[in-house]
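Structure in structure tokens, see below.
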Amino acid sequence: MGKESPDTILTIENLVMAFGGLMALYKPDIRVKRGSITAIIGPNGAGKTTLFNIITGFLKPDEGSVQFNGNSIKGLKPHEISKMGISRTFQTVELFDNMTVLENVMLGFHTKEIKSFILSGLRTSRLRNHENEIRKKSEELLKFIGLHQKWGEMANNLPLGEQKILEIGRALASSPTLLCLDEPAAGLNETESYRASSLINAIREKGTTILLVEHDMKVIMNISDQIVVLNYGQKIACGTPEEIQRNVQVIEAYLGDEGNYVKD
Amino acid sequence: MEQITFAGQLFQYLITGLTIGSIYAMVAIGFNIIYDVTEIINFAQGEFVMLGGLIMVMLHVTVQIPLVIAFAGTVMVVTLIGVLVDRLAIRPIRQPSVLTLIIATIAVSFILRGIGMYFWGKDPYDLPAFSGRTPILFFGAVIQPQYLWIMGFLVTIVCGMNLFFEKTIIGKAMKACAINKDAAMLVGINVNLMILLSFAFSAAIGAVAGITITPIAFMEYDRGAILAVKGFAAVILGGLGSFTGAILGGLILGVIESFGAGLISSGYKDAFALIVLLGVLFFKPSGLFGNIEISKIKRF
Amino acid sequence: MLKFSRIPVLIFSVAILLFPSIAQLVPAISHYTDILVFAGLYCLITIGLSLLMGYAGQISLGHAAFFGLGAYFSAVLTTRYGWNPWMVMVAGTLFTSIIAGAVGWPALKLKGHYLAMATLAFGIIVVIIFNEEIEITGGPDGLTRIPGLKIMGFAFNTVERYYYLVWVLVLAIFLFTANLIQSSIGRALRALHSSESAAMAMGVDAAKYKLLVFIYSAALASLAGSLYAHYLKFINPSTFNIFFGIKLLIMIALGGMHFLWGSIIGAIIISFLSYEWLQYFEELEILVYGGILLVFTVFAPGGLAAIPHMILEKVRTRK
């Protein structure tokens, strides 16, 4: 509602999604500010991953609009959304286990590759040069995320913490303007979580907007600019970490009797 | 002599269609039982039918064993073959993926077909009809008594299966596997045994189909493949995982084929069922009675 | 796995190109050249199928139909209308590609068993058409007196000449396909095979790639079919039935679908089984094929090509 501010990179309005008799999402209006880190939290089943799947094209909502940079992306297929500049990771790590760490990242550059069937088959020098460039960029990206040493390892041989970092790296390859991270800290210990949040901050420094779903409160409260709280598919609160910590409804629905959460 | 009216002709097609449709329904039921419990489509289903017919020929015609005993014996042998298929071909696969299982059942169909060719050669074989070949005239249609036997067996099998799955413990256990294999395991159901039983049942039903159809349509070593594809068409038409669907799908398919062969072209007889299959797969994969959720959830 | 070293390919190429000369000197194996012509034609099909099954992870039981379409297109247009065989070959490959596109578009949306059955049904329908449209195809008796191939007076009218024609083509296609696998397209295919969701999220148009590979493999099969028609100079529908379609599957299962050269090994071995070793044991042929398929599926799903790898793994884990 109202004029779209150029500051807003993603607008979700009047979204309704039902599965059979179950209402998964009911009009959780959300505005994501460009260059910010926005977190979506809520108890299990609140609709967080459904929301992600709608934004990234894996689901089509029954009603409502999803606007990215002023363009509607509702109903687009995942690969089309990727081309528009939105990239994502998955709740259960979806690395390509038949490829090495480096190859996983190289795949991330797919939208920038030469995809001509004939030229690929003939392996022209232009193609080979382009491939070398992609390889170099991939290696740089691996350095950025700290996995450069393990470039030749099979992706599924990495410990979970590094797999999650790799998945983020792969998602960065396409130089997305919006990065959607689905539970980047799930299953990670303290050190690994810290590494993940540092990486996320570093990504934000470079100007990428980040939208994340997460359960780990420490990570959320530390890095988020804005938090949106969902419960039973509806938005029950939205604000800064301090505001959310003090919000009675949120505390009741989600944080339990914890009361004030101590920020580090 | 009665005039053969056009209506009579159509009625004839209907009767023939329902008869052959009953066979397709039996094959479809066999597919469904194995699929329900294991999520495997058994490409060798048609070979159970083929072996049913050929073994019956050997026992009843060559060795001259009386009909009922030969019938029972054939069903038992083919059931045993079904059990062996599960034990020797399906169970040993260490990394069961959809692709691997498809290929395994295709391999089994080849092996069974090879056995058929080795023992019976390439010739078609005939069986005497169960109660003779004196046709019954009914509203201008000629009904072979054997048709009634086929449809009768379908009804018996359907009732039998219903009773089994609704009223017996083992039947309910198999249904539990169909709904959720892991949960079934957790409550102590021996899933491997259930899988074995599903193969056994499918083989038995296939055998009955083979025995009953041979007096009408002969049987040769390589009939299995086309029967399996048509049986699958029936399953998909009715909706994968739906028992009622398998029956109705089979009957409808048989009727379509019969009318198509009679009214349009007999050379393209087999093609009608295949076109139905492609049509359903491309436009409505959940079939008439299936649930698209089931077909999506079930690991396809 | 994808470290494509040129040396084994070079050795194999030299060996395969030298073979006819050696065979001519040894009477006992002089007819092997003929067998290898067929093997080469089958290689054209299996290279494409291997890409489809091993890398894109899709199954087709109906590729015999594309082989048949190529063969009949060439046979009909050259015998009944006298067109130039080379032009017909190109046109036929294009025509089959279009059909493959039309069939593949809806079929590739299906998964697993559905796709297998759909391709099987398609294969059977095509053979029925070959049998029924007697006016065009000659029906069950097929077509005879198909002309041979020649370029500017040089006729490929001996076994040796046709051998070189076929195998030079096979090696060229092999290299082309190997390049594809190494490229970003190959990576996209492997990604699709591993996690379709993640690949799509990274911008890979799943439907487009699956269709592309399907059409490519169909085109190769059609090309092989045309060459087959001009070699044998006689075709009939029974060659292109589901039995052959599944034999192709066996070639790939035997050779190994994750390594491109597995498709060549598989085609050669099965060709020798068909035309040489099992020639007099027709009753056993089906059994042997089924047995091979089953044994390899259960014990060595990666095929022969994967065995060196399996051994290396065992050695490594034992240390």
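The chains carry the letters A, B and C, assigned in the order they are written, with residues numbered from 1 in each.
Basically, contacts are C-beta pairs under 8 Å (C-beta built on N, C-alpha and C of every residue); 3 or more make two chains touch, one makes a residue touch a chain.
A quick note: this is a predicted structure, and the numbers were derived from the prediction, not measured.
Ranked by distance of CA centroids from chain A, the top chain is B.
Innermost chain of the displayed assembly, by C-alpha centre distance to the whole-protein C-alpha centre, is C.
A straight line joining the Cα centres of chain B and chain C is 32 Å long.
Between the Cα centres of chain A and chain B there is a gap of 49 Å. Taking each chain's centre as the mean of its C-alpha atoms, chain A lies 42 Å from chain C. Note for the complex: chain B touches chain C at residues 41, 43, 89, 92-95, 98-100, 102-104, 106-115, 117-118, 121, 225-226, 229, 232-233, 236, 265, 267-268, 270-271, 274-275, 277-278, 281-282, 285, 300. Within the complex formed with chain A, the chain C residues making contact are 176-177, 179-180, 182-188, 190-191, 193-195, 197-206, 212, 216.
Residues 53, 57, 59, 61, 106-107, 110-114, 116-118, 120-122, 124-125, 128-129, 131-132, 242, 246, 249, 253, 283-291, 293-294, 297-298, 301 of chain C touch chain B in their complex.
The touching residues of chain A, counted against chain C in their complex, run 56-58, 77-79, 82-83, 87-88, 90, 94-99, 103, 106-108, 110-111, 113-115, 117, 120-123, 127, 131, 134, 170-171, 173-174.
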